[in-house]
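Since the structure comes first, as structure tokens, the remarks are kept for the end.
We call the chains A, B, C and D, going by the order they appear; numbering starts again at 1 in every chain.
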Amino acid sequence: MALDKNQIAKRIAKELKNNTYVNLGIGIPTLVANYIPEGVNVEFQSENGVLGMGPFPFEGEEDPDMINAGKQTITTMPGAALFDSSTSFAMIRGNHVQLTVLGAMEVSENGDIANWKIPGKMVKGMGGAMDLVASAENIIVAMMHTNKEGKSKVLKKCTLPITGVNCVKKIVSNLAVMDVTSKGLVLLERAPGVSVETIQKYTEARLIINQDVPEIQI
Amino acid sequence: MINKKVKSIDEAIEGVKTGMTVMLGGFGLCGIPENCIRALSKTKIKNLICISNNAGVDDFGLGLLLQNKQIKKMISSYVGENKEFERQMLNGELEVDLIPQGTLAEKCRAGGAGIPAFFTPAGYATEIGKNKEVREFNGKPHILENSLISDFAFIKAWKGDTAGNLIYKGTARNFNPMMAMAGKITVAEVEEIYSVGELDPNQIHTPGIFVQRIFQGEKYEKRIEQKTTRKKI
Amino acid sequence: MINKKVKSIDEAIEGVKTGMTVMLGGFGLCGIPENCIRALSKTKIKNLICISNNAGVDDFGLGLLLQNKQIKKMISSYVGENKEFERQMLNGELEVDLIPQGTLAEKCRAGGAGIPAFFTPAGYATEIGKNKEVREFNGKPHILENSLISDFAFIKAWKGDTAGNLIYKGTARNFNPMMAMAGKITVAEVEEIYSVGELDPNQIHTPGIFVQRIFQGEKYEKRIEQKTTRKKI
Amino acid sequence: MALDKNQIAKRIAKELKNNTYVNLGIGIPTLVANYIPEGVNVEFQSENGVLGMGPFPFEGEEDPDMINAGKQTITTMPGAALFDSSTSFAMIRGNHVQLTVLGAMEVSENGDIANWKIPGKMVKGMGGAMDLVASAENIIVAMMHTNKEGKSKVLKKCTLPITGVNCVKKIVSNLAVMDVTSKGLVLLERAPGVSVETIQKYTEARLIINQDVPEIQI
């Protein structure tokens, strides 16, 4: 059974390391904040200028001057800090944020990512994605394994205009967990009940299988 | 102290002319110079090149200038929460230059700081890096980006004094401090204006030297784009 | 929140090794990390490359490390208020790299911000510009300067919380915020330490992400170099 | 009669324009703050991180955390702002400071300045001088016309290692006021009782005399 979006987020949450700073992109990545493992202390950075983001505000307590990069109203945790956009990207570009979780339209087996533009369609822009993927030391992509037409989004080579090259370290999809290595994509885990063969069928890129592939534990 | 306070919104936007390059602070609709945008939308000024992280929504923020077709070109990182924007862009009525958000922020800061160009890894090997100089530092390729300055910068702060010192609130700070630095004439609108000596010099976010005009704005609407809440338990 | 508070000064300077590059905040004797310098002066660590705007005086600040011959090289903008410094330099025991003050500040900020190099007009056509790339922007020649990072940055703030957020006081801010950004391990000593939630997030000068260790310093001497006063009339 | 240091400062103070930001160097330039003409409103920037510098503190009220670039204890005026060194030099490099007054060891007729290094002597460093001269739009040099051996410091070409090129706009010495123009040094004013011939005698650079040269009014 393929994972749903919350399960993808939950699996990614297991990658959170204690005492680290994390930037979560829009969509599935945002959900990761709901599944922080017990005893793991992480601080969320949002590129519009906040460190120590907390949960959404209670109904009626929204502050229009307090939003995240997805333009959602937020709160801050005790010990938070607010700053301008250049300082925010100094944190990102300067490698002070330890983990970035992003959505993607396509990922290639060498870790290229495409998530900002579909030729022929209205282009909304890259926002902070290009800065994030160009600098982050650890990037996990959260995505559906295939697009709406059932075609693989995990490719030998990206077909869409790319956001960054050789940057993705791990992919967590509804079907599998994969590591991007210098040799290619290593299949680490598979969704419960989904066979290695099925995953390879929906994956255009070649999957390296080093050992028995366990099911994802959620 | 140099008194930067202007008497009216007309005085605040005086000198803005057709074809000029203007910066506008804000991220989405958060921390945008509402009063200045409203005032500009009532003028006949056209063909503006607007540098702003986003382009507003249809009936608020920069959307007001788009509706009037006052904007010739947008320089932004993320746009199109806005039907009129989309229409004008697809029709070729509006030019759009997309720049990675961190690069955009740094371009403004650099422009204001007299740094004409800098290297950044963002955009390397993408469309953004096309025709830009590439150089490796520590084994990693970077591209050379030029800085930005503008004829006018319109920014929004929370508190300000007549010397132009500014304090922002929450995430409404965003691009405002860098654009304040990069405007040849920087116009700051604030929610609360104070006499000199009332703000703590230690807690100023934008020193007054970067601000040429300041005034207290009216009727802040502060629209929320994505109201997200949780239930009280 | 991530707790950065260390239990002792020993823990604060743990890992500093002979031959490392360390940044030290301060301008003259204003805003220097007194406790860290004192602690380093009690170790056997030698051959340090110190990046600091100045080099202290004979018996205070970096002068303490100079007296012990712990410094191999100084990277500064202004030095030599210090006899031992002069002696070591003229004897060839101490290397000195002089960098224009604004360039030094920007090199640290750039290093911390992931900008590997930038153009500045400072130093063009002088000794400082020798063997550096020159490029014209807007008709004015600029030189290319590389950024700086360090193994450790020792900085001093006024207030801090256990998450590493810092607030500086007066002109004791100077190089501290940029060096905080540029240290692989940044150690902040503060006069007053608070629990998380006690400092206003809107008024933080250095966000905690740039700080790896924090502690409350002891016995701040805060020596004044040039006491200048006027008489009460 | 040659001017003394205070008179040089007083003459320079006449160049202060209303509603401008000014950076004063160490030495004679610092004295300029004592002679601000009535009705002229200027704000002093010091490159260690303060805008709106005030007078020295009263005896006993010195704050070690409040100094200027000369490391002297200072006060701030109402409306002052404090900031870090990179922001301070953003103001300087970004041309937000309208006037810089500096001392010099040598100035050349094309506006080069040398004020940081004497070969063979202990070199203390350039501090912020190179950034200031490279960027300031208006630089006035305050200096003695000759050195201790009586030799001209106003030269055809600097002999000492230079701090910056083509940057000085005006020189106010104990003997004269000179403008640096594209054609060379124009003698504008002479110290009371000092003849044009005497000034030329002590000036290695060629002086352009366009008209009758009035005495400096102090």
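Here is the rule we use: contacts are C-beta pairs under 8 Å (C-beta built on N, C-alpha and C of every residue); 3 or more make two chains touch, one makes a residue touch a chain.
If you're wondering where the values come from, they're calculated on a predicted model, not measured in any experiment.
Student: Out of B-D and A-B, which chain pair has the most contact pairs?
Tutor: A-B
Student: What chain is the most remote from chain B, judged by the mean position of CA atoms in each chain?
Tutor: Result for the farthest chain: D.
Student: For chain B and chain D, what's the span in angstrom between their mean Cα positions?
Tutor: Chain centres of chain B and chain D, defined by C-alpha means, are spaced 36 Å apart.
Student: Between chain C and chain D, what is the gap in Å from one C-alpha centre to the other?
Tutor: The mean C-alpha positions of chain C and chain D differ by 28 Å.
Student: For chain B and chain C, what's the span in angstrom between their mean Cα positions?
Tutor: Centres of chain B and chain C (C-alpha means) sit 32 Å apart.
Student: In chain C, what residues contact two or more other chains?
Tutor: Residue numbers touching two or more other chains: 106, 109, 113-115, 120-121, 168-170, 202.
Student: Send over the residues of chain A in touch with two or more other chains.
Tutor: 50, 82-83, 86, 89, 92-93, 135
Student: Draw the chains as points, connect those that touch, then say whether the picture is a line, ring, star, complete or other.
Tutor: The chain contacts form none of line, ring, star or complete graph.
Student: Hey, which chains are touching each other here?
Tutor: So the chains that touch one another pair up as A-B, A-C, B-C, B-D, C-D.
Student: Sort out for me which residues of chain C touch chain D in the complex.
Tutor: So the residues of chain C touching chain D come out as 27-31, 53, 76-81, 86, 89-90, 96, 98, 100-106, 108-109, 120-128, 158, 168-178, 205, 222-232.
Student: Please name which positions on chain A make contact with chain B in the complex.
Tutor: Residues 46-50, 55-74, 82-86, 88-89, 92-93, 117, 122-131, 134-135, 161-165 of chain A touch chain B in their complex.
Student: Show which residues of chain C lie in contact with chain B when the two form their complex.
Tutor: 106, 110, 113-121, 135, 137-138, 142, 146, 167-170, 202-203
Student: Looking at the complex, which residues from chain B come into contact with chain D?
Tutor: 1-3, 109, 111-115, 161-163, 165, 181, 195-197, 201-202, 204, 207-210
Student: For the complex, give me every residue of chain D touching chain B.
Tutor: Counting only chain D, the residues touching chain B are 19-21, 41, 43, 45, 50-52, 76-83, 86-87, 89-97, 135.
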